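Shared chain: subunit A. Partners: subunit B in the first complex, subunit C in the second.
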Partner chain A sequence: MRRRARTALFLVAAVVLAAVLVDGLAGLPAFGHFHGVDGRTLDHVTVRQRHATDVVTAVNFDYRGLDTMGEEFILFASSVGLVVLLREQRADRQQCPDDAGGASGDDGRDPLLALVGRWSVAPIIVLGVYVVTHGQLTPGGGFQGGVVLASALITLLITTGGRTPRTIRRHGALEALEGIGAGGYVVIGVAGIFAGLQFLSNFLPLGTAGALFSSGTVISLSTVVGLEVAGAIALIVAEFAEHGQTPGVGS
Partner chain B sequence: MSFLPFAVAAWLLLVGLYGVVTSRHLVHLVLCLGVVQASTYVLLISIGYLHGGRAPIFVGITVGTPAVDPVVQALTLTDVVVEATVSALLLAIALQAERRFGTVDPDAIRELRG
Partner chain C sequence: MTALQAVILIIVAASGTAVALTRDPTRQVILTGLFGLALAVLFFVFQAPDVALSQIVVGSVALPAMVLLTLRELRRRASEREDAE
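Entry: the complex of A and B
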């Protein structure tokens, strides 16, 4: 009864919202005829000014560098929140969370699949590093490449049985990767102040447009974001996978 | 048909909200929120589109060639990252709710809390 009333209320609200949306969207420039001043200016000046050929990456890691720092810390904060929530839930259900790792993750899995999974890790990491480091030249960058890097662990998890390899877990490699990535962004930003410019200024040599080591701090910031994203996404997936493997938690 | 991309954005927003309001499962609710966010991607990308424009990547094309707007593309990237992280956090909270209340039905949770 209450559900029906709520749905009816939503439908009324949705009609009003739809009317407002149509009104708002009708006021936009016609599709395909957008002439934003900022975008057009950036299209013209980025290659000359920053020696980066991918304007989107230059916008993210230079012109809008401060916003990207905020975005990076949203990722950082929510992954830390997730880890705290899930670890606390697991600690409640079992005495020694680390001993549970004794249950082998490989049982019941196809050994051939596990082999293919292990062999895919290196090529995926190479691809991820390529995408991270070439963001200033062609489509890519820290966020995209970082997710590719994290998918190496995801592939390993789904092919070998849902447990993060103990060497990675024991040394806190993913947490470290995430911390270095988040901290590195701020360090590069502060280094701009020490170079006599402003926070997150592009103070490094710009190099030649089109070369790998070009665009100054764009490639540096893209790389640390790659580390942060790889660490955070891998950590999130590893925590959920760990959760699914822990007896007595969830269903 | 030039209004079609904007219509898709509006439709995704409304249908996603409908899913959120009528959801009976927290995981379903999180996915519906993802649909709502997808409408913002479609909207941003379609605003920045330019007929005949190239991708804003000046490799093999000279600077000055008409290109689609890079600023909204960068914003969309931000949007995607935020959506992914918020979904992950919400899913963890859904697990927490399941543990505390023994159910993932939002209505049942409200009744349990009184």
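Entry: the complex of A and C
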């Protein structure tokens, strides 16, 4: 397309977009005046109904638990797809005999940086576990905590410039984590049916509001999502890192 | 609107513009991380701590890490192509 035609197309689109935006923004409620009925209702009933003090987590894993299952499986499917693609490329390449050696794990990064990286792994994992398990009490939950957990591996890979530790790769720990997390959500959902209620209904004892083990299935679902997200993100990063170490992939 | 809210809105607008105006992808990734962090503060100031936490982990950890990994992969392929020629 010629430059003038492109500019003309952009101008038309910009004018239409500006008109729609102005119209939409003019109809918004005034700043700080929220009109949502559901939000106000949930603010009042959640602690009493679900014994969860963080309303957002209760909404995510209970009132609209089915949507969260969909979101969880979007991440699951995309990470599995990516891993399959990357591994297939690598398998093709590794049939060539001259690649047998591969690159070494530690390619001479700053040793102090590597040390700091290794030492920060445990604190990051503790923080991640905290964020996952306290989702029903304070802001946080499975999605956020899961990424924090995965960032322990990201930190390790960035600071040491190496590959995923061999013990994790050999035993398929990340794949297991992701699978258990994704499957666990459905298992807890189906368990609701066996308890005589509906799919994903909160059938577990609710406990005392504000205690760590409270809110029934909210904390359980949040925890399995934490496992799934941690596994999925860590697996994606580990596969990319592995890919970078295998010489000649995709050339 | 409080002064704090106004300040953070301006910071978000400025850092978002900076991301869009940066041409070098590596610098852009770092700026995207900072922009994500500013957004997280914005959500927190506007009383949405859950969203702020999601924004921190996705905008400052997951997204920059993936873009950086992709950039490394692209560079490696480019240098291999040069070697082959």
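Keep this in mind: the second predicted complex is superposed on the first by the 230 of 251 C-alpha atoms of A that agree within 3 Å, B and C clash if a C-alpha of one lies under 4 Å from a C-alpha of the other, contacts with A are read in each partner's own complex, and residues count from 1 in each chain.
Following the convention adopted for this analysis, a residue touches a chain if its C-beta (ideal position, glycine included) is under 8 Å from a C-beta of that chain, and two chains touch if they have at least 3 such contacts.
Just so it is clear, the structure is predicted and the values come from calculations on it, not from any experiment.
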A:V56 touches, of subunit B and subunit C: first, second, both or neither? both
Touching partner for A:S151 - first (subunit B), second (subunit C), both, neither: second
Which of subunit B and subunit C A:H243 touches, first, second, both or neither: both
Which of subunit B and subunit C A:G140 touches, first, second, both or neither: second
Larger contact residue set on subunit A - subunit B or subunit C: B
Partner chain(s) touched by A:R64 [first = subunit B, second = subunit C, both, neither]: first
Partner chain in contact with A:P123 - subunit B first, subunit C second, else both or neither: neither
First, second, both or neither for A:P205, with subunit B first and subunit C second: neither
First, second, both or neither for A:V131, with subunit B first and subunit C second: second
Partner chain(s) touched by A:H33 [first = subunit B, second = subunit C, both, neither]: first
Residues of subunit A that lie at the interface with subunit B and also at the interface with subunit C: 31-32, 54, 56, 139, 143, 233, 236, 240, 243, 250-251
Residues of subunit A that touch subunit B when the two form their complex: 2-3, 6-7, 10, 14, 17-18, 21-22, 25, 28-36, 38-40, 42-44, 46-48, 53-56, 58-60, 64, 67-68, 71, 74-75, 78-79, 81-82, 85-86, 89, 92, 137-139, 143, 210, 229, 232-233, 236, 239-240, 243, 249-251
Contacting residues of subunit B [partner subunit A, same complex]: 2-6, 9-10, 13-14, 17-18, 21-22, 46-51, 55-59, 63-64, 67-74, 77-78, 80-82, 84-86, 88-89, 91-93, 95-96, 98-99, 107
Complex contacts: residues of subunit C adjacent to subunit A: 1, 49-50, 52-54, 56-58, 61-62, 65-66, 69-70, 72-73, 76-77, 80-81, 84
Touch list for subunit A against partner subunit C, complex: 31-32, 54, 56-57, 131, 139-141, 143-144, 147-148, 150-151, 154, 158, 233, 236-237, 240-241, 243-244, 248, 250-251
